[in-house]
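Next come two complexes, and both contain subunit A; in the first it sits with subunit B, in the second with subunit C.
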Partner chain A sequence: MELKTAKCLKYAKSPKIATDIKGLDTVLGGGLKQGKLYELVGRSGCGKTQLCMRLCLNVQLCKYGYTGKALYFDTRKDFNPARLKELAEELAARPNVGHMSGLAPTATEMLRNVFYVDCHTAAQLVAGLLNCHKYLERQPNIKLIIVDSISFAIRSLNHVFERTDLLMELHNIMRTLQTKHNLTFVLTNNLAYRRKRRRFELEAVLGKKHSMIINTRIWLMKHDCFIGKRSRTKRFICKLST
Partner chain B sequence: MEANRDLQSAIFATETGKQLSEYHIKLLQKQNIRTVEEFVQANKLHKILALSIDTTEEIKREILDLCVRRIKLNSIYKSKPINYSTGIEELDNLLDAIGQPLRPGRVWELVGENDVGKTELLHTLAASFVCKQEDNQQVLFVDTNLDFDSERLDEILREKQLNEEAIDNYLDRINVIKACSAEALLAALKELLQQLESSKGSFSRIKLILIDSLTSCYILYRSNYERNKGRSFLTELTMVIRKLAVEHGIAFIIGNATFGLDEESADDDEEPLCHTGALNPEDFNYLGDYWSSVCTLILSLELAEDSGKENSLRVLKVLKNSCGIEEGSCWLRLTDAGII
Partner chain C sequence: MPTHGFNGLAAMSHFLEQLPKHLQEIAERVNVLTPEAILTTPRIKFMDTRSCELDTCVHSCSPEDVRILKDAAAKWLAETPVSADSLFKIPARLKWSRVGFGCAALDQCTGGGVSIRGITEICGNSGVGKSQVLLQLSLSVQLPSTLGGLGKGVAFICTEDAFPSRRLLQISKAFEARYPEENLNFLGNIFIEHQYESEPLLDCVSNRLPQLLQEHSIGLIVIDSVAAIFRLYTDFDKRARDMRRMVHALLSYADKYDCAVVCSNQMTATEETDEARMEDVPCLGLQWANLSRTRMRISKVPKQYKQGDQLLTVRKLEIVYSPETPNAFTEFLITAEGVVNVPKPSRPMPIKRKLT
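Right after this comes the complex of A and B.
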């Protein structure tokens, strides 16, 4: 039986992946933690993919002199290498970057550390995640796995039962990977209006079971950023400046 | 020797037993029958004592009668039970009012919808438990959804105006175990039980076990076959929990998610409240009827109605109380210092 005390967990600090959104980083205690499952929700065009790409780069310059790598599952063909390059160049030009990781990584080096898997269908996503352990064997430094728009993959199925089935399957796989390799997962999800007591409220899709399993849900709205799993329980975090 | 005399006097106190002689008692001693219990359970007693079966059975019956009468109620109630304080004033008042304070051996359930603050409440309880209880008592936090956050605990303790050393000391007494699946949870609890029975290690100091979200343990069971597996898991879990609670005086608080009625469909019926009143959302407990008989107290954490913009207010209601009043609620607030 593996017992740990909260004290040693407190001191076994793991590097965190900064989101570069100031208020959010403070609330999260410096950034995304290892071994947790995060979800970004928001309407289309509010910067989910953008933030994902930024995370891919930020994982490479975590503090404590360690360089992680990122694996990116793309279901919507939203991934834009040109934009990633722009972000990487901007990051490499930042004055304190070189200081933190010892060696200043160049933009191309950073791009080399982002792995990309294209999944057109839900089946491919499952296959990709199942194969993850192979990627992880080859690249043990992968610390961040991003599934950009899990809802898109799931919702491409017609039948509700199939959807739940697949979603739980995905969670199962992710959970196994997570416990074995101490990874950070970031999913992106959509918002939709739901009718509630004759009012419409914006909620994340994919159902309650799903939101039960994820650890933290980050809402990216037009101007504000929230944390919380339901629209009624979400907490305001900070303004978003774009 | 004490027990020996006890048996002797018990036998001589019975009608039929009076006829036995010292010789019979000595025979019993020879066979290593020294207590009343051993006497009643001994095989072939009539052969040992060279008496008829009828006589020995008669003695047994009478001695049993005697024993049952002899247990005095005050010996059960003599030891004044220890009450743990939850550290939340409102909650303590509520628990007092319904006559069910947190005590060793209690199994409670905390239900509530997603993200309403169950995990937060468990964190708070863990923190205040180690603060209020003496040094040797520890908490075990079973982390089923990887939601445990030692930094959050650190924050909660920091809000109590403690110094670094004290915080570390408290944190040291909160044990965490990861159990992401039903099997892992069972295995962990069973091992704990085993360790306790062999009474080694520091496990004997664990007095409170917090299980964060039982639901997530087997939310992944989907098919029909697996659903049955889930049921058997639940039964097995109950047995382990009861054993730990009764034999080792460990208190349990188990978090559990409920999934309310799908409000969409409820509203589409256009039927007034009586419909939803009959089908109380809380009745849709995810774990079924059997489970709800396990816990002696079920608390539900809910969002406060009409709280307007402020969404840090929560209502804690008593859903079921096996020993006392079934009604009551209190207001709680989510703060930086946990829940107060």
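Right after this comes the complex of A and C.
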């Protein structure tokens, strides 16, 4: 372990995965960084799964020749390959998509670089994540792992203490993968009403310990996008266009 | 709660047998025997020696042993990731097939019909025609896949009124007239159950439904309606837990037997705090919304269509959210034949005039 100066870290150019939401990309400094854990929170139907599918394609087209593959863990069966194909075809049809990375991939090639694991239970999600190091040996180019959605898998257990223990184990596994292979993780979470003194407020599920461990939490409300750990401390970033 | 049949027990013992002896002892001491349970039990429970007697010879369990045990369970359970490209080929593609409605406008709007993956929710006020659409779905799922169905039967759980069997007979006659060459016994493949309370319903879904799914080939599970049962709860924690239990059971059957699950929901009025307007939202709140995958809303449109000597109100189906289709809406009518498109009004052809 070597000590680095802050100046050296500031000028190090690390590749980032664009999210295609302009205001969000500006605030994040270009996009999602390597080795960090991001969480997308929002109601059903606000576009979390669509954004995740978009990120799977954007990871293949980053700047500075950083092309990577994506691994998608699906616990809610929200993934649809036909929709991913539509997004890939729309992206491939844009004229200036190739100049950033020097390649001009076709829609089928982009689909071939996205790997999909169907998890029916929480145990299968844990099994999939534990086996990640084996997948990474076969496909060393995987740079992005998406877990959609982690709250659905954890909440399938009945008791709260079982859930907390399992969540901490998952974080442990993800943290080793993050540091060892420098991967970006994107999780998807739900909202629920929590009682705060006399009123009910919308908060992200899975508790305070979990919100301390993730790096950045991105809220996707109906027309607005926020960044912040709790409902009260979230900061408005930009308006979502569609 | 493991729901393994005879095969599951054989697989479980097979998994334990191929482990080295000291790992088997660790697993048996904590009574955690299936690979699923090994992965979801926290590490500390394996290493906890507080519950053992002092005079028994306790083998110490190191974190390394637990790690090896979990890795072995993960290797046993895990699926290899497949590239998204290969999901378009035949065995995987069947997981994303759809059940058509039997009505062209609805099929086009929903991208082919109701998806097999996840739970589809149809919400609407009372009397707009949700049960009619569900009845039509129960008939169209029995058609072969060339005509948009799955060629399988239906399990229909009624929680509100008695099942409308006369109306089903009426619509099935219209279907027989439309597809005479199929020669299907439509009414013989629909299994109906009436449950009016929550505990018997959960018991039916956990125990009797899997038996039915094993004996007959079922392509559609309908619960009409889910709101009638869960609105009666006063303890919201218990309501959330029971909803989740039911949904996880339904999703596991849908996955195993490749069938679609459709639930119908009612609407409730709420006051939007920032706009001070009374708006209708579906019942059961955020807990239920997080569990369903697609939500469609049926409502009445202030338009009427004259057929014969009757005035029929036009209905609208709107997709509130869905992972694959855009938020489209379409209009349809409910007639004696079931759910049909709104016929286009015929206009006289314009007379072409020559320009001189």
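The rule is short, and it goes like this: the second predicted complex is superposed on the first by the 241 of 242 C-alpha atoms of A that agree within 3 Å, B and C clash if a C-alpha of one lies under 4 Å from a C-alpha of the other, contacts with A are read in each partner's own complex, and residues count from 1 in each chain.
Note that contacts are C-beta pairs under 8 Å (C-beta built on N, C-alpha and C of every residue); 3 or more make two chains touch, one makes a residue touch a chain.
The model shown is predicted, which means the values in this text are computed figures rather than measured ones.
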Worksheet item: Are subunit B and subunit C a fit on subunit A, or do they clash, once the structures share the same frame?
Response: fit
Worksheet item: Looking at the overlay, does A:165 come into contact with subunit B only (first), subunit C only (second), both, or neither?
Response: both
Worksheet item: How wide is the angle at the Cα centre of subunit A, looking out to the Cα centres of subunit B and subunit C, in steps of 10 degrees?
Response: 130
Discussion item. Contacts for A:178 in the overlay, against subunit B (first) and subunit C (second): which applies, first, second, both or neither?
Written reply: first
Discussion item. Let me test your reading of the model: by the given contact rule, A:155 touches which partner, first (subunit B), second (subunit C), both or neither?
Written reply: second
Worksheet item: Comparing subunit C with subunit B, which touches more residues belonging to subunit A?
Response: C
Item to complete: Examine A:7 and indicate which partner it touches, taking first as subunit B and second as subunit C; both and neither are also allowed.
Response: first
Discussion item. Touch test for A:131: subunit B only (first), subunit C only (second), both, or neither?
Written reply: second
Worksheet item: What is the contact status of A:35 with respect to subunit B (first) and subunit C (second): first, second, both, or neither?
Response: first
Item to complete: Report for A:115: first if it touches subunit B alone, second if subunit C alone, otherwise both or neither.
Response: second
Practice prompt. Please work out how little space separates the C-alpha atoms of subunit B and subunit C at their nearest point after superposition, in whole Å.
Written response: 5
Worksheet item: Once the complexes are superposed, what residues of subunit A are shared between the subunit B interface and the subunit C interface?
Response: 165, 168
Practice prompt. Using the touch definition up top, name the residues of subunit C that touch subunit A in the complex.
Written response: 35-37, 39-40, 42-44, 70-71, 73-85, 87-88, 96, 117-118, 241, 244-245, 248, 251-252, 255, 285-287, 289-290, 292-293, 295, 320-324
Discussion item. For the complex, give me every residue of subunit B touching subunit A.
Written reply: 113-117, 140-141, 145-148, 150-151, 153-154, 168, 171-178, 180, 187-188, 191-192, 195, 213, 215-216, 219-220, 222, 257, 259, 263-264, 267-268, 303, 311-312
Discussion item. Please output the residues of subunit A touching subunit B within their complex, sorted ascending.
Written reply: 1-7, 9-10, 29, 35-37, 164-165, 168, 171-172, 175, 178-179, 194-198, 208-209, 211-213, 215, 228-230, 232-235
Discussion item. If we count contacts the way the header does, which residues on subunit A are in touch with subunit C in the complex?
Written reply: 43-45, 49-50, 71-72, 76-85, 108, 111-118, 120-124, 126-128, 130-131, 135, 151-152, 155-158, 162, 165-166, 168-169, 190-193
